[in-house]
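Chain naming follows the written order as A, B and C, and within any one chain the residues start at number 1.
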Amino acid sequence: MPGSAHVRLENVVKRFGRVVAVAGVSLDISRRSLTTILGPSGCGKTTILRLIAGFLAPDEGDIQIDGASQRGLPPYLRKTSTVFQEYALFPHMSVSDNVAYGLRLRRLPRASVAEKVRHTLSLLKLDGLERRFPRELSGGQQQRVALARSLIVEPEVLLMDEPLSNLDAKLRVSVRTEIREIQQRVGITTLYVTHDQEEALAISDTIAVMREGRVMQVGSPRDIYERPADPFVAAFVGQVNLLRARVEEGGVRIGSLRLPVPPDSPHVEVGHEAILALRPEAIRIGAGSEGRDGLTGQVVSRTYLGTTVRYRIELAGQRLTVDDHDPAGKPLLEGPVVVSFDPTRIRLWPASPEMLQQMEEGP
Amino acid sequence: MGKATTARAWTDALLVRRLTVDPLGLGAIILVVGLLAVFVLFPVVRVLAQPGPAEWTRLLTDPRWLRLAGNTILIAALSTASAVMLGFLFAYATSRPDVPLRHLFKLIAILPLVSPPFVGGLAFILLFGRRGLITYSLLGLSGDIYGWHGLWMVQTLAFFPIAYLTLAGVLRRINPTLEYAAQDLGAHGFRLFRTVTLPLATPGVASAALLVGIYTLSDFGNPMLVGGAFKVLATETYTQVTGWGDLGMASALSAALLLPSLVLFALQRYWLEGRSYVTVTGKGSFADPLPTPGLLRWALFAGCGLVALVLLATYAVVFVGAFAKTWGVNWRPTLENFEYTVFRGRQLWNSIRFAGIAALGGSAFAVLAAFLIHRKRFPGRAMADFAAVLPAALPGTLIGVGYILAFNTPPLTLTGTGTIIVAAMLFRTIPVGYRAAVAGLSQIAPSIEEGAADLGARPLRTLWDVTLPLIRSAFTSALVFTFIRSMNTLSAVIFLVSPGNVVASASILALAEHGDWGQASAMAASLMSAVFLVLLLFRLLTGGRMRLFEL
Amino acid sequence: MRYRNAAWGRLGSAGCLALLAIFLATPVWAQSKPVMVYGVIHEYTLARLMQKFERDTGTKADFIRLSAGEVATRVLAERQAPKGDVIFGISRAIQESMKTQGLLEAYKSSRRAEVPSRYVDPDGYWTGSALTVQGIAVNTERWKKEFGNAPMPKTWEDLLDPKYKDLIVAPSPLSSGTGFTFIVGQFFRLGEEKGWEYLKALDRNVRFYTPSGIAPTRMVAAGEFLIAITFAHDALKAISAGYPIALIHPAGVSWDIGSVSLIKNGPNPAGGKKFIDWVLGRDPIQLIVDLNFEGSLRSDVSLPLGATPLEKIDLVDYKLDWAAQNRQRALKQWGELFKK
């Protein structure tokens, strides 16, 4: 695991008028890691980025890089470098001038600037494009130029603000892999901001999930996915079914089914409601109406997608989405079906009124 | 090659057939194209056709005209340079949120645009002339302000608002993220300005310079009042018409003035448009604004403050002059001067109603023209588009001479009527409304209108129901601009006034030329007040939502 | 929100239409034809005069104040379809020229008898209404400051003194009657050849030539310049307003007759004739004398305030025919000689 805390946020608060964009966030970013802040729009993730970059000053709390507080430091004195969502390439400069800009500011000798530019362009596979202007480049190329421009100044921390959102879907996958490779090769501490959970899962060392200005959970991609800290995180990252169950002695009940409480669950009061999270892969579905390890439900709708068949099941008064990933040869289900759950893959939390309301509204 | 043109001809023929299916639309097109041809293109052609070979030879060989041309270019270059610099100062200062009084500066910078351009010249004489309030009464100085140096100062102050508005718009629309990116990489202060802000603003600076250049070239009132022995083409055109009656020579001089104006116009429209570095951004609060360094902030404040004081003094002095019995001699306050304004109130009313008709009619026409030209295909479309924006390049004196030549004989005898004045005002300011409407239209996807057509709406119906409400702001801003410009216009209408149809601006110039400072000031003050009142009224009616001078 | 916009749209359109109606209500074209007067005298006086005309006769009239050159040009340009009925207050030299060009119509008003016959066109095309004499206007304040107790210029030749370099301002004959009257005055005083020489010598001291006739007087009144070639009435008006001016009549002063004429084929000839009959009467002339300080041709009208009696002024022998016939040529030559 990459080393100690390179960047530390301590109880950072940022308000815009009456809106609290960041409501007391503490976060450690490890050296040489790629840490992603993941969350829906408006959750405060971009604000955090700008706070670290120095474009905004925290109202409360502190930001430290290598133990040194960044308070009062304007962006041009911080050792961070940002890749903007719209790339922000200087339209009046060529590719090599754009990339060389930061070095020229530092008054490096011309020969070494040229050498570094050549090296960085090559690293990002931009050879041959030195004299082009940003308007002549494709989206992917522009993105790489922006990255080159930021990397060449050898910052302590690289900040990336939703860098893939302006690319089309197919490109996104290949570019994110490239970014990850470069990041690991150069070994630079990177803070990455996105709302795309698949992206986050694919490239991060650590993910911090944010919502409404707060960090909900910090962990490795696996942790986040397999052990989400609350229904929101569970719903945001990957697909999940959220069901309401009643807590009884030694277990929880949905309809006629009783399930054990998973060992590392938070405490649930007997007699109260709990929320169950079930990823689609933890659910099995079959024809018939057996009642022992499963529940009986009704197929409400069915969508054939080639590799998968997606069923919407009505069960115990609640709705469920189940995927069959291997429908070849099997008849398509309809009518009454038996749904069974893998008890080891259940997550459980006490139901708060807020969570219940969120479930009503949907993610 | 042959195949393509045949195909083209086919398409055009089909289009014409399509048009005849919709007589109302066809009628509208004919109307618009016809009016543009008659009132924009025809006068220009007449002016160019009027001079004979003798006049053209004289124009090119007579050292007097060559000197005039040199003067004109010289003063245009000087005034443009200083006006652009001053405009940039104001634009930059008002864009920094921590410059004190910046909102006041914004307001004051617009003042020269709502008053007649030659009021600057008048006020200048009142302030800095021999009996000037500042030079004589206050400082006891003696100096001669007539000549190119006085004209330079007056024109700079009169026209810098145009540069200011252009540049303010440019600075505002430079993508702020670019400056943040530069800061992120380590730039700040002057280096940031020099490497990023200034290069990005350069096309805007060029654009502003070209715009101001056209204004200074055609400036008529100021050179008449302050130029003294320094004569320029515009004033000489006037002398040729009124003194010699030599319309041929006047036309030749107008053509000479047209040439640089057209060049500037073409440069601005065709070369610069594509090189703009600005985008329309919608980002909200990206960052806490970076504070302006203290020294710079105060320098900006001082610079703008000084200019603002001079400007305020300029307009204040006109009001003072309106109430003084005899300028420079007898300062007793009196209302005598206004008595004349009331007595000749007809002239002020003429200004208001002519400008009003021109504004209402002109804006409607501009919008209609923009819609037809940019949404319909018909033969002659490109020419109509050109005719709609051409007046922006035409000096006022050329329009005046052209209208005299074009409309002096049957079937279109308009000289001696108010109609010709309204027409001159209207067609002179068409480009503004037209351009605004075109810009507005370009932001409306044609699919919206296609949707309406799909549901059965005829083209004009679509215009009324769908398009118009969406470009209403273009209409209202054109309305206001046309009104103000027409109230203050002088160079075009000075040739066209006739008994019963005199407008206030011509009257003010005549009074000022006669040295009736008091009466000239009184009428100028009334004219400016009328414009302000109308502006205020408009502001109130639209609930302050109207953005003025968005250009 | 949509609803509000729609309401504004309708209100706005209604407002615009209402405004348009108001503006068009006072028609942009002429209704019942008023008498159209092209006046060359000072606008304020002209306005007062026209107001009195309307009151006295009940006839509607409209006027526009133009300089002499502008009138000549305009009437010529409009000859196919004249818009004006009467020309008033213009130099008779220009009247002669227009008469030759066939732009005028003869009208022998009964009032002609009240004006000395030498100030009336025998063919009846124009009638004199005022006598204007020229002179030199000097700003006394500046004079004191710059020349102390030295004597002010008394003759035209005094003005050639190099110490007046750039201190003199004169009207341009190309566009002003004043200027034209001045230069022909010099021709009548010295003969044409010597006259041109005088003008060339004077040109060395002239700072520039103004398009309007009254501008030099105005500038000297304000102290912008020291000496102006002026008409006496312009100077007298400035003096009565309180400006520090001394009016000097050197020997051999040019003069002019302001006159009135009827434009041929004007829109309202009957009204025009009415105006001519009226304006030559005692009260209108007195008004012009009082307000404009011009001299009257009628015996029953007093001198303007502060004016030197005519007997004390040495007028040149003004040959009207010569002036009218040679006007174009003289102007052309002047334009070529003097670029200022």
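The definition used in the following text is that a residue touches a chain if its C-beta (ideal position, glycine included) is under 8 Å from a C-beta of that chain, and two chains touch if they have at least 3 such contacts.
Note that this is a predicted model, so its numbers are computed, not measured.
Trainee: Specify the contact topology among the chains shown, as one of line, ring, star, complete or other.
Mentor: line
Trainee: What is the chain whose Cα centroid lies farthest from the Cα centroid of chain B?
Mentor: Checked the centroid distances; the maximum from chain B is A.
Trainee: Could you tell me which chain's Cα centre is nearest to the average position of every protein Cα atom shown?
Mentor: B
Trainee: I'd like the Å distance between the centres of chain A and chain B, where a centre is the mean of that chain's Cα atoms.
Mentor: Chain centroid spacing, chain A to chain B, equals 54 Å.
Trainee: Just give me the whole-number Å value for how far the CA centre of chain A lies from that of chain C.
Mentor: Their C-alpha centroids are separated by 87 Å.
Trainee: Once you find the CA centre of chain B and the CA centre of chain C, what distance in Å lies between them?
Mentor: 34
Trainee: Going through chain C residue by residue, note those that touch at least 2 other chains and give them in order.
Mentor: Chain C, residues with two or more chain partners: not present.
Trainee: Hey, which residues of chain B end up touching chain C in the complex?
Mentor: Chain B residues touching chain C: 64, 67, 129-131, 136, 144, 146, 224, 228-229, 235, 238-239, 241-245, 247, 326-330, 340, 343-344, 349, 352-354, 356-357, 360-361, 404, 408-410, 413, 415-419, 422, 469, 472, 476, 479, 497-502, 507, 510-511, 513-516, 519, 541-542.
Trainee: In the complex formed with chain B, which residues of chain C make contact?
Mentor: Contact set of chain C toward chain B: 5-6, 8-9, 12, 15-16, 19-20, 22-24, 26, 28-30, 34, 36-38, 42-44, 47, 51, 62-67, 69-70, 72-73, 76-78, 80-81, 83-84, 172, 174-175, 207-208, 211-212, 214-215, 217-219, 221-225, 238, 241-244, 331, 335, 339-340.
Trainee: Name, in rising order, each residue of chain B that touches chain A in their complex.
Mentor: 175, 177-178, 180-188, 191, 195-196, 199-200, 202, 277, 285-288, 290
Trainee: Please give the residue numbers of chain A that touch chain B in the complex, ascending.
Mentor: Interface residues on chain A, with respect to chain B: 16, 50, 53, 55-57, 74-77, 80-82, 84, 86, 88, 90-92, 101-102, 105-106, 149-150, 153.
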